[in-house]
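Taking it in order: structure first as structure tokens, then the write-up.
Order as written gives the chain letters A, B and C; numbering starts at 1 within each chain.
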Amino acid sequence: MSLILVLDIIGTLAFAISGVLTALHKRLDAFGILIIAFVAAVGGGTLRDVLIGAPIAWMVDLTYVYVIFGATVFSVIFRKRLGYVRRSLFLFDTIGIALYTIVGVEKGIAAGFSPIICISLGTMTACFGGVLRDILCNEIPIIFRKEIYATACIIGGVVYFILLKTVIPLDFIVIISGSIVFIVRLLAVYFRLSLPSIYTKEELEQQ
Amino acid sequence: MSLILVLDIIGTLAFAISGVLTALHKRLDAFGILIIAFVAAVGGGTLRDVLIGAPIAWMVDLTYVYVIFGATVFSVIFRKRLGYVRRSLFLFDTIGIALYTIVGVEKGIAAGFSPIICISLGTMTACFGGVLRDILCNEIPIIFRKEIYATACIIGGVVYFILLKTVIPLDFIVIISGSIVFIVRLLAVYFRLSLPSIYTKEELEQQ
Amino acid sequence: MSLILVLDIIGTLAFAISGVLTALHKRLDAFGILIIAFVAAVGGGTLRDVLIGAPIAWMVDLTYVYVIFGATVFSVIFRKRLGYVRRSLFLFDTIGIALYTIVGVEKGIAAGFSPIICISLGTMTACFGGVLRDILCNEIPIIFRKEIYATACIIGGVVYFILLKTVIPLDFIVIISGSIVFIVRLLAVYFRLSLPSIYTKEELEQQ
């Protein structure tokens, strides 16, 4: 089994758990929880595959479906131990975006797209499932909140393509650029980093 | 004309009318009513065809477009006689999900997908048009309200695959499993059945 | 470079600017502005290409990406001179729908669809990006407000197919039918034209 497939499965696991936690918080019923876990886990990849024109990954390989189903049952049963708090949701969400960014970039390269499009595909894969999860749960999407989010995915994608020009082996490139997404997002939330404002003082006061 | 095509057309008719009723209730203008009827009728099937990678049914065969247009004009004119009430919307919505579930399952089988994926496709075909209709009309989607909804589609899909292992002829399988979706949904609303709660008393009080 | 490609690029420019103006109005950060500009500019065309089953235009030809990026930087810097008002947003939005309607109709014809479907594709290309832009910015979509909007696109599309039966050269047909979309929308807003109401006085009072 290739590294990229392993990452994809772990990302699926992380996002499915993030979906369950959001759905539990909203007191959805068993079916609603499964749907949100599913949408969070495969939403981004599905959009990517539709845009690329590739077969949808989870429809061809049932491993994804089993992982999501297992993760849902597991995290509903052990929800007390998962902490049931914002912090664990944040952790799984951040692991998910790091892994999915790299999966998206690599699938874009495999389909023959240019670096800019591959980085966009990686960012979409990483962010879209979480946006759908939050919209369906009637929360403001995490991505639109203050701290750097999609920007972390873009930085990771850019690093991936820079390292691709060096002699570093591919597996290390994957690990390094994935870790960068994870760390950038972690630091951004920890230090409450946002993008610099483009508005003048007057404009902000007009609001 | 095959049975499945007839079901698809009747489902289109039922969902188009459900769309018109929702749009009339929101006092949309003539164009808005047509759009909502269209989205309700073809939304689920379009998602299914995009995911399967098949040509979109209504773009290839104009019958759908004519049926939706005819149903819209008819139900706008005769809206008083349709009762103009929640009950008729509910009836057409329930006929729609029963027929679309079977259509979705059969299209999944024809495209060579596994039973789990076929049942998912059937449920999507049945539910997604209604979700879009409700979101565009700024209503909470019926599917997310209390009573069993998508679960009825899943049960119908499972029954379909169980019967497929028997000697029962295909046309009967279609009628039986479609009726099961219809009856499960009807009973669920009549007896106000929901899925059993997974939350402890303390968790619900925390809310 | 063909006329249709030029129109597509100018439409992209107009919609990207409309996206930036909406995002600035909502005080989004730099990344949010870029995303909204992107979604407004390519949302409709992406839906069209997915439905047709064609490769997504902006993923194959990076010109779109550069135009959107350039338009975003330009209009953020010169936002004071753009007027920063509803009126300029309205102007760019109207230019955008006129051009995109024709682009959508022509792509539909090239893919071999019937006139009704081509007109639908044109209307979708023109309207869907703006709908996504407004939903993401938490505004009521312009298309659902009172004045004639999508109807202008449909009229333009119908005129296109009528003129196609005449001896008028294709380039003129493009210019005439595009101008009609622009003028119909302009007049509709200027004279506050809506579609005639289908509701009786009693129904409106019930509301």
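By definition in this document, contacts are C-beta pairs under 8 Å (C-beta built on N, C-alpha and C of every residue); 3 or more make two chains touch, one makes a residue touch a chain.
Fair warning: this is a prediction, and the values are worked out from it, not measured in the lab.
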Chain B onto chain C, rotation angle from CA fit, given as a multiple of 5 degrees: 120
Same vs different contact residues, chain A with chain B, by half of numbers used: different
Euclidean distance of C-alpha centroids - chain A vs chain B, Å: 30
Set of chain A residues in contact with two or more other chains: 50, 53
Chain A residues touching chain B - in the complex, by the definition given at the top: 27, 29-33, 35, 46, 50, 53, 55-56, 59, 62, 65, 76
Partner chain A, residues of chain B touching it in the complex: 50-53, 113-114, 116-117, 144, 150-151, 194-199, 203-204, 207
